[in-house]
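Next, two complexes with subunit A in common: one pairs it with subunit B, the other with subunit C.
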Partner chain A sequence: MAAPLTLLLLVAVTIRAALFRSCLTDLIAERVEVVSPLTAWKRVVEGLALLDLGVSPYSGDVFHETPLIIYLFHFVVDYAEVTFMLADVITAVALYMAVKDYNKQVFRKQKFALEADRYPLDCLELIRSPKEMYYIPLKVAMFYLLNPFTILSCVAKSTCGLNNAVIALFILSTIRGNVLLSAVFLSLSTYQSIYPLTLCAPALLYLMQRQYIPVNFRRASFWWFITEYAFMYLGSLSVIVCLSFFLLGSWDYLPSVYGFILSVPDLTPNIGLFWYFFAEMFEHFRLFFLCVFQINVFFYTIPLSIKLKEHPVFLIFMQLAVISIFKSYPTVGDIALYMSFLPVWSHLHRFLRNIFLVSCVLLACSALFPVLWHLWIYAGSANSNFYYAITLLFNVAQILLVSDYFYAFLRREHHLTYGLYLKRKDGSEATLILK
Partner chain B sequence: MGLLSDPNRRRALIGLLTRLNAPICIVCYMAGVAWFMGLSFEPFTLRTYMSENAMGSTMVEERFPAGERALATGREFSAHKKKTGGMPVDWLVKTMQARGLEVFTQRFSRTLPFPDENKERYMVKGTNVYGILRAPRAPRTEALVLTAPCSPGDENNQAVGLLLGLAQYFRNQIYLAKDIIFLINEHDLIGMQAWLEGYHHTNTTGMDWSPLQGRGGSIQAALSLELSSNVVTSLDLVLEGLNGQLPNLDLANLFYAFCQKIGVLCTIQGKLQRNDWDSVSGYSHAVQTMMLMVMKQASGRPWGDHGLFLRYHIEAATIKGVNSFRQDKTDATTIGRLLEGMYRKLNNLLERLHQSYFFYLMPSLSHFVSIGYYMPAFGLLAVILLLRALDLWVQLVTPPPRTEDGDTDIDQQSSPGVLSVLTPLVISHLTGVALYMLPIRFQEMAVEHFPVSETEAVVLTAIAIYTAGLALPHNTNRLLTGEGTEQGWRVLKLVAVLYLAVLLGCTALINFSLGFILALTLVPVAAFVTPHVPKVLSAFVLVILSPACTLLYSVFFFHELQEMPISFQEGWLLYLSVISQGILDHYLYGSLVYPLIAVLVYPCWLLFWNILFWK
Partner chain C sequence: MAARRCLSSVLLFILCTFSVFTITRCQETTLAGDNGAAAGDSSPADTEAAEQTVEQTRWEATEVTEAIPDEAAADKQDSAAPETVAPSFTPPPKDDFQEELVIRPLHSGDIYASFQFRTLWQTDFTRENKVSHYGLFPKSLGQIISKFSVRELHISFTQGYWRTMQWGQPFQPSPPGAELWVWFQDSVTDVDGTWKELANVLSGIFCASLNFIDSTNTVQPSASFKPLGIANVTDHQFLRYATLPREIVCTENLTPWKKLLPCGTKAGLAVLLKSEKLFHSSFYSQAVHIRPVCEDWQCKTTSWELRQTLNVVFDLHTSGQGKREWSLFKMFSRTLTEACPLASTSKIYIDVTDNPQGEQFELSPFTALLTQAVVLGDRRTYSVYDLTQQITFGSVRSLNLLIRWKSSEGDMLRPLLHAERYVAGYGLQTGEIHTLMYNNHPYRSFPVLLLDSVPWYLRLYIHTLTVTSKGKDNKPSYIHYQPSKDRVRPHLLEMLVQLPPNSVTEVTVEFERALLKWTEYTPDPNHGFYVGSSVISALVPSIVAMDTNRTWESPLFSSFFPCKEESSYFVRIYTEPLLVNLPTPDFSMPYNVICLTCTVVAVGYGSLYNLLTRSFQIEEPSPGLAKRLANIIRKMRGVPPL
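What follows is the complex of A and B.
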């Protein structure tokens, strides 16, 4: 499997290198779908210039990345293109290894269940074979590296690629069962963009499942493990935060990075839901709706964790999707990360219902973004409503996609417990209806 | 959400859509065409009305007296033009300065990618002269533009005269709150492009021009004047700009309102308005007018010197004086008063024109069809593609019957790999890129080896590549992937149909007319083509409905609409010149129609060609 992966990496790097050399780079780096005020390379360059002049990069309202990023680029700014390509490669390899491990576990669990005769007889169709699972890790890497969204994001040098790499490393270390590294990478990704905080729930569930600690609020071992993880997480987080403080010599960055993410002062249009809503709103209600919108991102953790406590990896996928849909400055790079997980759930395809509709809508919206942007900004004949309508549709399609996968996953689990061909009480064929 | 979650209802709906797919598609197509034809029926259209408050409620009084003197200036201009054999720059500078304007000149030069045979120019050098009348009433942050092209020969002298006359008149008025820039541009659109790029500090087309020495505020609106006779019978309004962009409808309303007020006959697309909408001839007159607008818009080229302003967010139109055999004539003083009135109203603007529509079609000057009314016509055509895609998807996901040898079925299902879809996609796009790049690159080589001129070389190379593309893709595909499978073409067709739907949708948003015309011809192709239809007949139909043939019909249809039919021979020559003009428009002004057709629409059509010859 190493050879195809290497080939894939070579192809991906070649495409990126070719695009870096083409005239499209500047065009892509300006697209609001690809870069957000947080991740734009232009702003990083500005921050670096300020840093070189001995001014705090957070003075003024341009730079909003974290101090570690700016110090990273302080050293590697000449190799920025290589860094971003490397970040993509790291993400892909980490996801590859993580999914490979995960598949092994899934298969082992399935074998145990089969041996214990836990599956109903008519469910043999649903059993996954090693043959079909063999190429899944490669497909995951391919979905990430060759996804146009990732390529655009990398060519635009959006720092989103680095965040994705950190999150991928977090997933890898979690799936490998390394508690310390998992906590460290989680704190690093939280430090980068706050929202990955919600990934602590699936990480905890997964690690506990791995160490056979029951999820039971009355057990001491449960609380002990949580304390342990929280300690490591908070410890590394405080180390990183203090390190940033010592690097810069001030706390300027806290309001400028996290305040910027949470209070959404920059309403540049993007593919998210915030900008139009907050541009239209009366100032009076701003705080209230800000809370509502931000709580929205975090809130789904609770019901999803309860429902999916047996399947933490699927929970990670759901959480990543929820974050990338509802976060304050989403870019296509965030979408690429959760979309790379889709091959892992390829066995759910028979239960997906709206995949055709959703993929059509996503495709059409991706093409319509630049068109409506052109009509609004350059031609002046359309207006922001046109663009926002497409944003809204794009997000609805994403939500439908995610909920469709969620439904399919639950339905498969249901069938694995109750049998594939359900009968009504009177013996006729039954259909499952989600209401 | 009931539809999305209830499996029974879904099954019923999908069953209905797949069973009745063909009839629904046919009905949709007919309904789309019928809807479009219905658009020009007067009771279905809206009357134009002024939306802009600043221009609507205020009254202005026109007092321009000096039409005769303007004509005299025009004659003087014409004499100097003849003497210098081009634009009389010195005389213009002197005359404008004498009228109290701040006068500046701009030199520009441009070598065309290949000689323009229509206008007989290759290496263009010229000078723009413009004078700025500073606003006496307000901070000089906004400006209006009045331009007249300095055309070769005896044309447009009256326009320049009237422009200078208006400049002199406006100089003495105290009410102006915006700068007025009087521009006389040489080499029509090339000069205009140079001036606009200079004014806005951009350079999108690689032209050489000297920077502008003087500037007014941001330009709010512009009118271009074309006048070649001392008296006119009617004034024609030209709206279509680059890439089918239109100015805000309020500009057309303004023109119409003043024509009504002053009592000048006004036309659009050269067609007078008729009142007998309920008669057949009245209806067909409206259809003709609207069709002419659709054809002009679809061509994506600027149909007057105003066309390039629109790219810079400046509302602009061209006003053309027409002198026909009609009895009632309008003199220069009246036209001057009309322009004075329009400029005084534009002078009252508080913000850019934005209240009224940007997307519209006009079956007459007093009626318009807005985007909400014409988009369903396109939507009905586009929905056919989605229905076909749904049908294909259902065929693809329904497991094949298991009763007869299950093994082969499973093989068939798994075999349409990424490669069998990717290869035709890549090959047809490479053909498209060749069609876009090669004609210009190879002109010198073609001229060396064949007895043709550069322009002919470019056009004929383009046609040759286009025709060669028909042979290439399906052969290469057969060579690479061997036997094509049943599932293989379905997947390819699904991709092609969705691709076409997205492509046409995006085109129709930017340029409705182009999108609609392409949809009219390409949607039937996309809907019916499979490898199992009779080959020769379908290949013939496919070629007839290909983008190049669509262009050929459009040329004939356009002349039919203008009521000057042409013979096939003339039509063919015109067709060749239209292609060369399209390529030139792209390289000179950045018109997008040529790259769109070459790089996206043609490859998409090739995919369907590929499906037909799927082995």
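What follows is the complex of A and C.
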């Protein structure tokens, strides 16, 4: 397996290097779909320039990266292209290893279940074979590395790639069962952008599952583990936050990074739902809707964790998708991360209802984004509503995609318990409905 | 040529103590050139007449010395003083009012008229007990000074853009729109609050939209705006500067300005200020400058100076029906009949530097008085009409100055420093501000301070700042940059750039246009947003040779900016304001957007909620309506259902 992966990495790096050398770099770096005010490379350079001028980068409203990012690029700004390619490679390799481990566990669990005769007889079709699972890790790496969204994001030097790498390392360390590293990477990704905080639920569920700690509120071991994890998480988070404070000697970055994410002052168009909504919002309702929209991102964590407590990795996928749809400054890089998990759920394909429609809409929207942007901003023959309509459609498609996968996952679980070919009371073939 | 100049200098030193040699130099140079031209015209009579005029002018210059011998003597006494802001020859009265009008025929055929009214008052607004007895000084402004602890206040309202390349340098530069800059006393603790309140009060006094000055368009320049009066405060935290480039100046701003004058519009030069004529012009600018100045050259006593200036450029081609002829009556629809009785001096100066023997234009009534002044590094000659002398008004008891052009030739000396600015790029996403600064001096380079205040919605990227002159990178020796905060404060960029001789220096910086909230757009959003002029302040090498022997009385218009050395002079230049388009949302559909976005969020919420709360069940087909009805009937009949 190492050889195809190496080949894949080589191909991916070559494509990126070629694009970095081409004249498309500047064009891609300006695309609002690829870079947001939070992740734009131009703003990182601006932050470094401000530091050189002796001005705090957080005194203005252009730079919104965390101090660690400045510190990192203070040293590697000349090797930025290599850094971003490396980040993509790390993400891909981490996802590859994580999925490989996960598949092993899935297979082991399936074996135990089969040995215990827990599956209905007609479910043999749903049992996953090692042969089909063999290429899944490679497919995951390929989905991430060769996804045009990732390539664009990397070529635009969007720091989203770095955030993705941290999240991928968090997933890897969680799946490997390393509690400390999981907490450290989770705190690092929370520090980078607040939203990955919701990933602590799947991490806890997975780690407890791995250590055979039952999710039971009355058990001391459950609370002990949560305390342990929270301690490690908060400890590393406070270390990182204090380190940032000492790097720049001020707390200015807190409002400038997290206040910026939460209060959405920059209404630059992007692929999300926030920009036009808050540009057109009535001033006295602004705070209310801001709270509603931000709570919406975190809201799904608890019900999803309850529903998917046996399947924390699928929960991670769901959380990543929810974050990338509902976050305040989404870019295509965020979408690429959760889309790279799609091969892991390839066994759900038979239950997907509208995957064809959704993929068509996603493709069409991706093509229409630059077209309508051009019509609005450059040609002047369209207005903002055109671009807004496409972002709406794109988000509806993403929502349908995620809910479709969620539906398929739940349905497969249902079939694994009750059998694949269900009968009605009168013996005729039954259809499953949600009630 | 040099020999002739020496000869004439010797001659003039015998004649008078005035240093008129430059005038003669100018005369002779132009004379030599024009003689050739006249010879080309082949009219010997004209040449003769011109020579006669020269003779006459010289004789008149002698007369000037005789007319004001005491002033000249007084001037000689303190000619050793290195620098005096205010004329310091007479023991100053408690308060004093001077008025003057400078008229400069411009080479483009336009006429530049500059009014200055100066009220000096030897008082202390900052002392404990309130100043309550006002003489010539307007009470409304005096109260502002004491209430807001103002050290210096400069406010200008301008309609139109001063075209430096066609008109040369103005006496008082001002940017299009409204400009306000104030130095506060160091006793002020809440400078921002005081500034906001002051802007609101001034807004009421001048009937202007100065109340739109808030933190989003106020900056604290670190070097560009130094106090112009005596000052011991140079800490720029007491300085506030704001421009409103969109401000439209009209009659309602002029009326309160005129009311500040001691004579109002009843007498003196102010009778000329008729708004229907003033606003029918290419350029109009009115300003108020308040500052503390020294009364004597040792600065033992200080007094407050209020300068009210009004500059206007009349376009004669539009109003003169093709005839190049100009008179006070034609410009202002008034003639002068008297000086303001409260004024200690009341004079009209007409720039005749380019017209030494009247070959360019003819001036009537004829005046015997001539004076010279170094203004903006150039020594100019002026015909003087003293309105306090009855003889000026002649037998008709009214003065109607008349200039009749003879030829439309003549080229202007290009201004040594000149700047322009524009926005490059297309589309509504990004753009680039280009500022071009021209140094037209043939062999000297000099540094300039460039100040740019850009609103927050154009996000500047300072790392894209490039300064190039003559194709080479010209690194600024000083950069003060304050990045903007969204909806709080603008960008402030100040740079000290060395301009190489005879070169164009180009400053470019990229920006990104922000999408604003729909309520933040102006009522006509597709008109664009104004970005205030950048300010270029420089000490420009003077054209006039080093001459510390100041033996002439300097008129008011030449003594505005304190000048430390004669070899260079201070000049401030304002570039064009920019008009930048921003992307706009659709203003007609906030409800639609709110509904549609909420629908999408609801789709997300709903589908997840569906899957989270419901469970899979086998669909049991519900019986049809007929069957259900039949079952109800069967139930009533007591038979088992179908």
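Convention: the second predicted complex is superposed on the first by the 433 of 435 C-alpha atoms of A that agree within 3 Å, B and C clash if a C-alpha of one lies under 4 Å from a C-alpha of the other, contacts with A are read in each partner's own complex, and residues count from 1 in each chain.
Please note the rule applied: a residue touches a chain if its C-beta (ideal position, glycine included) is under 8 Å from a C-beta of that chain, and two chains touch if they have at least 3 such contacts.
Bear in mind that the values here come from a model prediction, so they are computed numbers and not experimental data.
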**Message:** Please determine, from the superposition on subunit A, whether subunit B and subunit C clash or fit.
**Reply:** fit
**Prompt:** First (subunit B), second (subunit C), both or neither: which does A:L422 touch?
**Reply:** second
**Prompt:** Who does A:L24 touch here: subunit B (first), subunit C (second), both, or neither?
**Reply:** neither
**Asked** Should A:L273 be classified as contacting the first partner (subunit B), the second (subunit C), both, or neither?
**Response** second
**Asked** After lining up the shared chain so the two structures overlap, which partner does A:F326 touch, if you call subunit B first and subunit C second: first, second, both or neither?
**Response** second
**Prompt:** In this superposed model, does subunit C or subunit B come into contact with more residues of subunit A?
**Reply:** C
**Item:** Which of subunit B and subunit C A:S59 touches, first, second, both or neither
**Value:** second
**Prompt:** Taking the superposition as given, does A:L290 touch the first partner, subunit B, the second, subunit C, both, or neither?
**Reply:** neither
**Request:** Examine A:I399 and indicate which partner it touches, taking first as subunit B and second as subunit C; both and neither are also allowed.
**Result:** second
**Prompt:** Under the superposition described above, what is the C-alpha centre angle at subunit A formed with subunit B and subunit C, rounded in steps of 10 degrees?
**Reply:** 60
**Prompt:** For the overlay built on chain A, what is the smallest gap between any CA atom of subunit B and any CA atom of subunit C, in Å?
**Reply:** 5
**Asked** Same subunit A residues contacting subunit B and subunit C, which ones?
**Response** 378, 400, 431-435
**Item:** Of subunit C, residues touching subunit A in the complex
**Value:** 426-430, 456, 459-463, 479, 481-487, 491, 512, 514-519, 583-586, 589-590, 593-594, 596-597, 600-601, 603-605, 607-608, 610-612, 614-620
**Asked** Which bits of subunit A are touching subunit B when the two form their complex?
**Response** 353-354, 356, 360, 363-364, 367-368, 371-372, 374-375, 378-382, 400, 431-435
**Complex interface listing, subunit B residues touching subunit A** = 4-8, 10, 245-246, 310-311, 313, 354, 358-359, 386, 389-390, 393, 498, 501-503, 505-506, 509-510
**Message:** Considering only the defined contacts, which subunit A positions touch subunit C in the complex?
**Reply:** 30, 32, 42, 45-46, 48-50, 53, 55, 59-62, 265-269, 273, 275-283, 293, 296, 300, 303-304, 307, 322, 325-326, 376-378, 383-385, 388, 392, 395-396, 399-400, 403, 406-407, 410-411, 414, 422, 424-425, 430-435
